[in-house]
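Here the chain labels run A, B, C, D, E and F in written order, and each chain numbers its own residues starting at 1.
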Amino acid sequence: MTNRFFKTSIAGGLASLLMAAAAVAQETAAEAPAAAAEAAATTMDKGDTAFMMISSVLVLFMILPGLALFYGGLVRAKNMLSVLMQCMMITAVVIVIWVVYGYSFAFGGSTSPWWGGTAKLFLGGVTMASEAATFTPGVVIPEYVFIVFQMTFACITPALIVGAFVERIKFSAVIAFVILWVTFAYFPIAHMVWDANGYLFGLGALDFAGGTVVHINAGIAALVAAIMIGKREGLGRDIMAPHSMTFTMVGASILWVGWFGFNAGSNLEANGGAALAMINTFTATAGAIIAWAAIEAVLRGKASMLGAASGLVAGLVAVTPAAGTIGPVGAIVLGAIASATCYLFVSKVKNSFGYDDSLDVFGIHGVGGIVGAIGTGIFSAASLGGIKGDDYSIAGQTMIQIQAVLVTIVWCAIVSVVALLIVKAVFGLRVSKEAESTGLDLTSHGEAAYHS
Amino acid sequence: MKIVMAVIKPFKLDEVREALTSIGIEGLTVTEVKGYGRQKGHTEIYRGAEYAVAFLPKLKIEVAVASSMADKAVEAIATAAKTGQIGDGKIFVFAIEHVVRIRTGETNADAL
Amino acid sequence: MTNRFFKTSIAGGLASLLMAAAAVAQETAAEAPAAAAEAAATTMDKGDTAFMMISSVLVLFMILPGLALFYGGLVRAKNMLSVLMQCMMITAVVIVIWVVYGYSFAFGGSTSPWWGGTAKLFLGGVTMASEAATFTPGVVIPEYVFIVFQMTFACITPALIVGAFVERIKFSAVIAFVILWVTFAYFPIAHMVWDANGYLFGLGALDFAGGTVVHINAGIAALVAAIMIGKREGLGRDIMAPHSMTFTMVGASILWVGWFGFNAGSNLEANGGAALAMINTFTATAGAIIAWAAIEAVLRGKASMLGAASGLVAGLVAVTPAAGTIGPVGAIVLGAIASATCYLFVSKVKNSFGYDDSLDVFGIHGVGGIVGAIGTGIFSAASLGGIKGDDYSIAGQTMIQIQAVLVTIVWCAIVSVVALLIVKAVFGLRVSKEAESTGLDLTSHGEAAYHS
Amino acid sequence: MTNRFFKTSIAGGLASLLMAAAAVAQETAAEAPAAAAEAAATTMDKGDTAFMMISSVLVLFMILPGLALFYGGLVRAKNMLSVLMQCMMITAVVIVIWVVYGYSFAFGGSTSPWWGGTAKLFLGGVTMASEAATFTPGVVIPEYVFIVFQMTFACITPALIVGAFVERIKFSAVIAFVILWVTFAYFPIAHMVWDANGYLFGLGALDFAGGTVVHINAGIAALVAAIMIGKREGLGRDIMAPHSMTFTMVGASILWVGWFGFNAGSNLEANGGAALAMINTFTATAGAIIAWAAIEAVLRGKASMLGAASGLVAGLVAVTPAAGTIGPVGAIVLGAIASATCYLFVSKVKNSFGYDDSLDVFGIHGVGGIVGAIGTGIFSAASLGGIKGDDYSIAGQTMIQIQAVLVTIVWCAIVSVVALLIVKAVFGLRVSKEAESTGLDLTSHGEAAYHS
Amino acid sequence: MKIVMAVIKPFKLDEVREALTSIGIEGLTVTEVKGYGRQKGHTEIYRGAEYAVAFLPKLKIEVAVASSMADKAVEAIATAAKTGQIGDGKIFVFAIEHVVRIRTGETNADAL
Amino acid sequence: MKIVMAVIKPFKLDEVREALTSIGIEGLTVTEVKGYGRQKGHTEIYRGAEYAVAFLPKLKIEVAVASSMADKAVEAIATAAKTGQIGDGKIFVFAIEHVVRIRTGETNADAL
């Protein structure tokens, strides 16, 4: 009932929204030239533009089909499509939101430390000629490229959360939660960390490619959601083994491949800095894969494929905030440490709590993200192979990193709790027990993933 | 007539089929099944989740034979499917009253 | 018999063809300098070259494995390999044809409005130093890059048609049909639309990345083929559900990812124009995904994964001609409209006709392409967020768009009918009923897709 | 026992190794400026940097998931994860080795014809500002980019060998073998072929993207390994059909897509030379696909999907050394010849020997690589469409090519034999018969690839 | 009561089910099986490796019926599953002693 | 000896196995099947194509027991597999004449 109604009104609302939008965009365009006025002293290099466009594509690739397969392979066959669908629909919804108000809320140019304001609703004022700054003074890229690149980050972050509540969540609840969550958690935190006026930026927190904004953020939301939504029926009794480890491995591989867009792309220019981020994204991940497999080999006598893939992701998460400031050897160490910590968490610590973070979003993105954020403070030091020399204080920076982590955790946790309470009240969070037993593919989407 | 129904280890299929062919039995039906018995299963671990897999992959073979052939068929299967290791499986024999070959409508002995 | 003979002669012919080719290429190379002579005033930017090379790779990725999986997942397991094989073989055959005469027929430099002539058979005269123009006067890219980029378009278009006749077509018939069809439909229409001397180009039709050339063209051919080849045995009686929706989703995702090469690459330079095409390729698709899912949620109570994936493709198709000239908000609207139209067509209208366009090539590429072509006329207007200002007439341009669509439809339909009649006479179009029942994998290719 | 011990000590050793490493890297960094001193006269283009970074990502994509799926699809389901795991772990281990000593051994700057020396252990001295030369004097790219690009080559080469001994090898044996093999076969041969001081470079051997270094090298190692490790239990008796031809096709497609990074990237600059390598990587592959399929159609009456995919890889292998110096039409011919030779080898010749090179690594990479190396000598001639004019002697160059091939074969064979003997003595090469019958996934990794 | 067990060609399932429904039989259980018999299999080639696949996909249908219905059921299946081509399959009939409907605990005739 | 053959809902397998174990039955064979009966199936829609899926996934369990144990086994299964909802499935019992344990060659009671 409610559900039906919701869908109808969404569809209706969407239509009118969209119709209005084209007009608004046009109006604001008239006021735009200001933004482009400062163009005089800037240079734009097609190499940067090319690099950033491809990087954006790589981040989309991480979600579809990367993350979707990584997660989808880990669930039972009867829930496969629901996972794929959630990832796809989240991406689509966040893209539209990003254009409508997300970009403005995050990077709208306001001087507030908490959000970007409303100046760029509907991308008002942005044209083909608009420019966005890079980290090198005077070097710019087309603003559309910056918008697109950041858009893919906004899409992947909520998609990561999906792993916490697969196999039991209502489809409408996922979408509603994501809309609230990106609005009140993602956009503000992105602004705080990456905008020059942002609160955490001001503190001096290092977060090259989004360790706090993306991974800790998603990890905390996942933990909250797993606790509030509750365990899957039959957890601990039924065999819930991954229906296709092959898909999970393919997904993990694509995540790695795409992550170069994520990390190296965060440099905004195709130069030695991007190259450093790239090599670190190779070496940290390699260190992490080896670490997880080595620990399993020692403790269990067998190194598992899922372990290696989990280490892979843990390494990528950990190197995300650090990629631009640490050295390639330090990255191996950081990756290995993060991997070992995540291993410990997901296979030992987690089981002693009662929650069902089904695909270990918190255990890998949250825990790995925290290790990475702190490790960034440490391994960025020149004495440990990083690029921060002379007046760099490991202790000082590390305290700032911890502060940034804590702010993110608190902010995100509060938004997540409130958002889930609202969604629960309006739509309910879980499908019926019967639907859960039959599987979400048939009951929520009317399809089955496999036939002969 | 009888049906000889056997549960065997999967990799023994070809040997069993050859054994049956060698005593003149030219038809059989095979089903993939999972068996539970004395042979113990294995454990799989996926991150923190450990699953004890008690059911092992087996093949079930059903062969319809004239009553007079039943013992020979049982023996052929038993010999071919044997490894001597736990989990080799079992053979069950039961009577059938009627057989029809769909293509021709032939019945009973002619249908085998 | 015939079949055997055909294959033998193909193989033999191919060998002699190839032997002769290397020599020819060499001869013509001697006459080449003329082409490069005009190089004086041109500039080539490595950023453009890099961008266009990667874009070309992305378009290949769309076909293999993108389209192959998208289509393959939708057929029954017993026909999976036949679909993969058709996509792969079409790609290979068209690449060879493109080098031998396709590029020349389409872009050989003749002043005819209908074809490019024979000046560049075997890529005669093209060297590493040859240049091809972009849309910015004086800015060039290596001609080999242009050749490769356009080659991937020539490959994907006939591969799209495959969806119309899967599960019953003869393998030899597919290949023969494609050879005829690209020669008489694709190359001429590509020339007409994209060459400065082309007929539709002259009319002023807007087709940024190939809405008419690629999608309407393929869609019409598919419709003709579906009608002429007839329905699959058991249609309406047997369950013909997709054997792996997962592969279909992966294919759709890869199509999206690769489509950035297709659309943004069509800008030929890595600049703000490419960025505009890129953001539109994000937003139109997002709008289309949401629209299809919302409609299904309202009408059926469940939003399906296949619906979202179908919307995704419909959105991409629609934005293809429009990507360079509309705005990102207008793109959302255009995508949503195209998606809704395609939904209506494939789930309501189509069933009232009797043909079996098995994977809805016409329903999505044809219908979506037409909506996109007309929508380009509308949403390119500055008043609707597009880049065409001042003297732009929505009505006038839309009329031209419609004209281009009609020319394409008529030309393509005629070529398709004739080509199919020839192929039918020479090889026959369908496999035997028994082969169809057993499946094409075993009967046409001697393999099975899956074993344990 | 041994196994357990090995793993423990690996894990322990790794930890201390890594801890030491960050420090070392830092020290050597102090002595670095020399390397960057020559920067005065150099130019770096962001287009090149962007292109080479994406190319590196494409090569990683070839391995994970490309090669892993190509190989994995061909084994039985019970061994799927073992193949995926081997590919992933080899990649991770070689990345770490590359940073620690591999890059130095191959490109450390020593003047020895046999290896690169120890000057760049732990990438000592390399910073964001370090530059690496391209083939155009004065044009440089960031050294990190060169390191990363070459690193991916070092990873894929040993991963190729996996196909020779799947379904029966011990996991510890794979890793140990790879460590020895890259150290004593890959790094030296890479130095010999690609370093300006290298022995084969000095001879004048043409190997644009690694025909000898990568493919012949891997092919010979595979042949040696297949012979020494012995056949799979039940070969010739049991049905060992590919468990998922779909994955194999996806893997082959990804190999093709990624190979553009491999081949065009080997040009180190985004210019007409890269474009030539790219078009050849299209056309040779197309010729090879068609050739294999045509031969099968004639000889068997059916063209198989696996045949087309095998031809695809054979064509890519053959064009690898030739991509930068032959013409696009010559490439079609070269691809077709290589494909036909490989077909003959794997479906006729191989069966008359007794070894079990399970996935035809030698039959395709070895044989195709040799055809390619020799064909490079031939088709590079301007008279056959290549770029080598005037004073180029086909016969002379071809003799040099053969010499390079022979050196590679002998060196690689010796290293492979010795390495395998050592590994056999320390760990043993094969799992138990029972483990082989149950499958490596459960027995070596404690997992199963598929559940419902 | 009897169980009528039939091995049929897969694409005949719907016709067989309709035939049974039309004589009032509203329940059946289907299993995917592989059959070996006179119908010859096919050969698959993967590069140099050639496999003779002797087992063909079939469906096994089990229908429990009152004894009085057995002949009718056999006839219905035989008619519906027939193509006249080799490999149409076989029908076997055997007696069962006891039937229980789990949901209600009803037994025998009531449970069918 | 008898074979007790039951068609049950898939998620009831573990409970049924435990129930059998608790009365001393330590072996069984399980097959994935599709069932058609009173429980109605579902509809799947793929774009314009709508399929009514009438066959639902079930598990078939076969347990060979001494005749004296048959009733207890039936009861154990019936109790464990019951949800009270339509589609719980059925239990069939039929006689077998002969059992062999392949590994040892033991027969009948000893083979169970």
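One rule holds in what follows: a contact is a pair of C-beta atoms (placed from the backbone, for glycine too) under 8 Å apart; a residue touches a chain by one contact, two chains touch by 3 or more.
These numbers were taken from a predicted model, which means no experiment stands behind them.
A.B. asks: Where the contacts of chain C and chain D overlap, which chains show up?
C.D. replies: Common contact partners of chain C and chain D, which must touch each of the two, are A, E.
A.B. asks: Return the chains shared as contacts by chain B and chain C, ordered by label.
C.D. replies: Common neighbours, chain B/chain C: A, D, E, F.
A.B. asks: Give me the step distance from chain D to chain E, shortest route via touching chains only.
C.D. replies: Tracing touching chains, the least step count from chain D to chain E comes to 1.
A.B. asks: Based only on mean CA positions, could you tell me how far chain A sits from chain F in angstrom?
C.D. replies: For chain A versus chain F, the centre distance works out to 46 Å.
A.B. asks: Between chain B and chain E, what is the gap in Å from one C-alpha centre to the other?
C.D. replies: 17
A.B. asks: Listing for chain F: what residues touch at least two other chains?
C.D. replies: Only 31-32, 44-46, 94-95 qualify.
A.B. asks: Name the residues of chain A that each touch 2 or more other chains.
C.D. replies: Chain A, residues with two or more chain partners: 45-48, 50-51, 54, 239, 241-242, 244, 300, 304, 306, 446-448.
A.B. asks: So with touch defined the way it is at the top, what topology do the chains form here? Options are line, ring, star, complete, other.
C.D. replies: Graph shape here is other: it fits none of the named patterns.
A.B. asks: Considering every pair of chains, which are in touch?
C.D. replies: A-B, A-C, A-D, A-F, B-D, B-E, B-F, C-D, C-E, C-F, D-E, E-F
A.B. asks: Chain E touches which residues of chain C in the complex?
C.D. replies: My answer: residues 234, 237-238, 437, 442, 446-448.
A.B. asks: Help me check something: in the complex, which residues belonging to chain D touch chain E?
C.D. replies: 74, 239-242, 300, 304, 306-307, 310, 346-348, 350-351, 360, 363
A.B. asks: Quick check: in the complex, which residue numbers of chain F touch chain E?
C.D. replies: Within the complex, chain F touches chain E at residues 2, 6-8, 31-38, 54-55, 58, 60, 70, 74, 77-78, 81-95.
A.B. asks: Name, in rising order, each residue of chain E that touches chain D in their complex.
C.D. replies: 44-49, 51, 53
A.B. asks: Would you tell me which residues of chain B are touching chain D in their complex?
C.D. replies: Per the stated touch rule, the residues are 11, 14, 42-46.
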